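A short write-up of the structure that comes next.
Labels run A, B, C and D following the written order; every chain starts at residue 1.
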Amino acid sequence: MLEQLKQDVLKANLELPEKKLVTYTWGNVSGIDRNSGLVAIKPSGVDYSTMKAEDIVLIDLTGRIVEGRLKPSSDAPTHIALYNAFPGIGGVCHTHSRWATAWAQAGLGIPAYGTTHADYFYGEIPCTREMSKSEIASDYEANTGSVIIEAFNNLNPEYIPGILVKNHAPFTWGKDAEEAVHNSVVLEEIAMMAIQCRFLKPDAKPMPDKLLDRHFLRKHGAGAYYGQSKNI
Amino acid sequence: MLEQLKQDVLKANLELPEKKLVTYTWGNVSGIDRNSGLVAIKPSGVDYSTMKAEDIVLIDLTGRIVEGRLKPSSDAPTHIALYNAFPGIGGVCHTHSRWATAWAQAGLGIPAYGTTHADYFYGEIPCTREMSKSEIASDYEANTGSVIIEAFNNLNPEYIPGILVKNHAPFTWGKDAEEAVHNSVVLEEIAMMAIQCRFLKPDAKPMPDKLLDRHFLRKHGAGAYYGQSKNI
Amino acid sequence: MLEQLKQDVLKANLELPEKKLVTYTWGNVSGIDRNSGLVAIKPSGVDYSTMKAEDIVLIDLTGRIVEGRLKPSSDAPTHIALYNAFPGIGGVCHTHSRWATAWAQAGLGIPAYGTTHADYFYGEIPCTREMSKSEIASDYEANTGSVIIEAFNNLNPEYIPGILVKNHAPFTWGKDAEEAVHNSVVLEEIAMMAIQCRFLKPDAKPMPDKLLDRHFLRKHGAGAYYGQSKNI
Amino acid sequence: MLEQLKQDVLKANLELPEKKLVTYTWGNVSGIDRNSGLVAIKPSGVDYSTMKAEDIVLIDLTGRIVEGRLKPSSDAPTHIALYNAFPGIGGVCHTHSRWATAWAQAGLGIPAYGTTHADYFYGEIPCTREMSKSEIASDYEANTGSVIIEAFNNLNPEYIPGILVKNHAPFTWGKDAEEAVHNSVVLEEIAMMAIQCRFLKPDAKPMPDKLLDRHFLRKHGAGAYYGQSKNI
């Protein structure tokens, strides 16, 4: 069932060690088929080097396993929460990439210091609030999704396709699994540059709004003019 | 037309991922044929792994496409502005390399702290002023060229073959596309070392002028004695 | 004798350069067979690229060589001290990995800033006290073991499988040689992230206890639910 | 003439890009045959990827070319000064490795913060004083050697096999070309760790003298017990 989706999700997961975003099994990617409402996700604790498409687990949007002999990633409830809350997204990626995780551990959002940021994220990449004891005590992974969603109360998740979970690490998303991983790669670059920028200028201001608009909208939305037009 | 130039520009572009200066498609290199006034430049948003010489776009110094079925890099107007203003250069390179971009985001020029710098850049590598709202609103990429040129009002672009664009990233240039990329590699090394130098000694002074002269002029100009003489 | 153990210890040692934890011969891994009380350990100063299983030295828990024509690692007395003091461990790893060694040189323990840490180490990773002149003067390597053991006076070495030795570098351990190396890899990642976290927020607090519990116990002990169950 | 020495010096030079100590041609290694007083050294500005043993230049201790069709490294007079002043050394290496160069640019010596340092360098790795205008104006490279030698007025170059040249970069040496490069690799690791140590603890003190003695003398001199004895 959904063989192409499982292939795509496998490929997106394998991109994580390839791009040096994960150590051991510290990361997971999923993709959703919006027609059936089924999510293909990495199995829990399985080594990237031996993972096959048949190891990818299919779950529904309540978290029930629909196909697959392995347990899904323990972070599956977070992925599901995001798919339920953000209908425009098709893939979710979670890593503990080094520089982005440092921001998460510091509990700070990443200001939009430059156009690398603006080309992908339309403003500061937020950091979630601290979770309460009861949120941690039960349904922890689902509640991780809830605090992410709460942070997007006044933000457009398609314009800011990622977040830092406080004391934890980043989650990113996109139109499919591949784009979700792409955004994790970008986030890691941005996180590194922003740390060095802040070292050089501790009171660095975010880039001017006009420049943020220009770069984000050059690549996204109706007026985009970056890249090749689709019928080439 | 200009097949050798397109080959050279392709090769220079492929050097960017090879030297780990770019993530995805974040960079572009061009070269100019001064006789015809034609510029060969990377197409916009095309993956380095599949790029071929026939994908390289030929444009004239007004930005008109002369040959090629793809759109040129969206940064083409910046390249053109530089070729028009700096008649001595033959290649331009733009990347978002990590350490150099951090300086650009901080809005700071890189002081000449040591001989690695002095071997290639004859003084501080400047950072452009902030662009105005109107400069960003229309002809943004051409205006990026203008603020670069403005910063070189009293500087020799052949002696300081690169700059940081504020809140954006570096541009470098050289006698051809290959040398432009070479200077981007050097700039990234310099940017990294200068950040660590400044961490160790926040009030670090630039190197003595005499030493700057010695190293730059050992490799450039009539008295150069580094490397092998040309008839070997 | 104990051919499988020697193979496992060889493989664990070779993982050190593979994971970029060591420069030249700066590291050593051992594993113990608890039935016989024999320890298989890397020979001293031998290059990883040519090391074979037959080069692995077997020593007993008094440090006497039982098998092998080479001298054991000069750190062998530290390994032995740990095996004697911590009966639950089966492997020990020592490296001079860059980021962890920086913490050791600073004489600081690594606070549990986030879940990457909590997934493996149940609280701050301690740093030993400074050794006295007499501890350094005689039986230095055995005394290195003693100050490690002293630091675990009120800590469970199976819950915090590693330590920083002041002005020296890290030691980690685990149920076998492979897990000891695994924990060194994790420690290096944690050490890097914690330095960047502290740069971003000099007064960063450790993660909430509840979150520390949640992540550590999700992977360890009776209630663990990460990964696949054993009979798959 | 001296074919084995040229082979050894070639191999040592090729180790520089292999260990990621150099960008482009920024580095050079030499070795001396003390019987003949001849030095084999890298040619100036030649690419590592195409260098052959026959490109290695033989010079005498006055700097005269004895064999070879290429010009020797422009830093040859520095190498010669070191060979003349330090009769116990057999190889010299110069790089612009990133972390060590940052210390040189900051004009600071690297304190002995830990045992990684102590295993190779018996105390602080010094930084030279600033060169005078006249020292820079004529015989610059020979004078670079002079300020290095001046810094070793009260130091043993065989116990501290390297230095940072202010506003420039490191030089290291050893019993032969291979060991000189080895010490450059070690220096780069030490330089990185020392920067991070100083970030974590700005007032970090050097390691206790007793520990410095212990580690240095464990590997050097009559009482050394690290590694295998020579007749194995």
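Keep in mind that, in the parts below, contacts are C-beta pairs under 8 Å (C-beta built on N, C-alpha and C of every residue); 3 or more make two chains touch, one makes a residue touch a chain.
It should be emphasised that the depicted structure is a prediction, and the values quoted were computed from it without experimental measurement.
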Report, in degrees rounded to the nearest 5, the angle of the rotation taking chain B onto chain D when the C-alpha atoms are fitted. 90
From the centre of chain B, which other chain's Cα mean sits the farthest off? C
Is it true that over half of the residue numbers where chain A touches chain B are used by both copies, so same, or is it different? different
Provide the C-alpha centroid distance between chain C and chain D, rounded to the nearest whole angstrom. 33
Where chain A and chain D are represented by their mean Cα positions, the distance between them in whole Å: 46
Chain B touches at least 2 other chains through residues 199
Inter-chain touch pairs (all): A-B, A-C, B-D, C-D
Partner chain D, residues of chain C touching it in the complex: 23-24, 26, 43-46, 69-71, 74, 96, 98-99, 101-108, 130-131, 133, 136-137, 140, 167-169, 195, 198-199
Mind pulling up the chain B residues that touch chain D in the complex? 113-116, 182, 185-186, 189, 192-194, 196-197, 199-201, 204, 207-208, 210-211, 214, 218, 225-229, 232
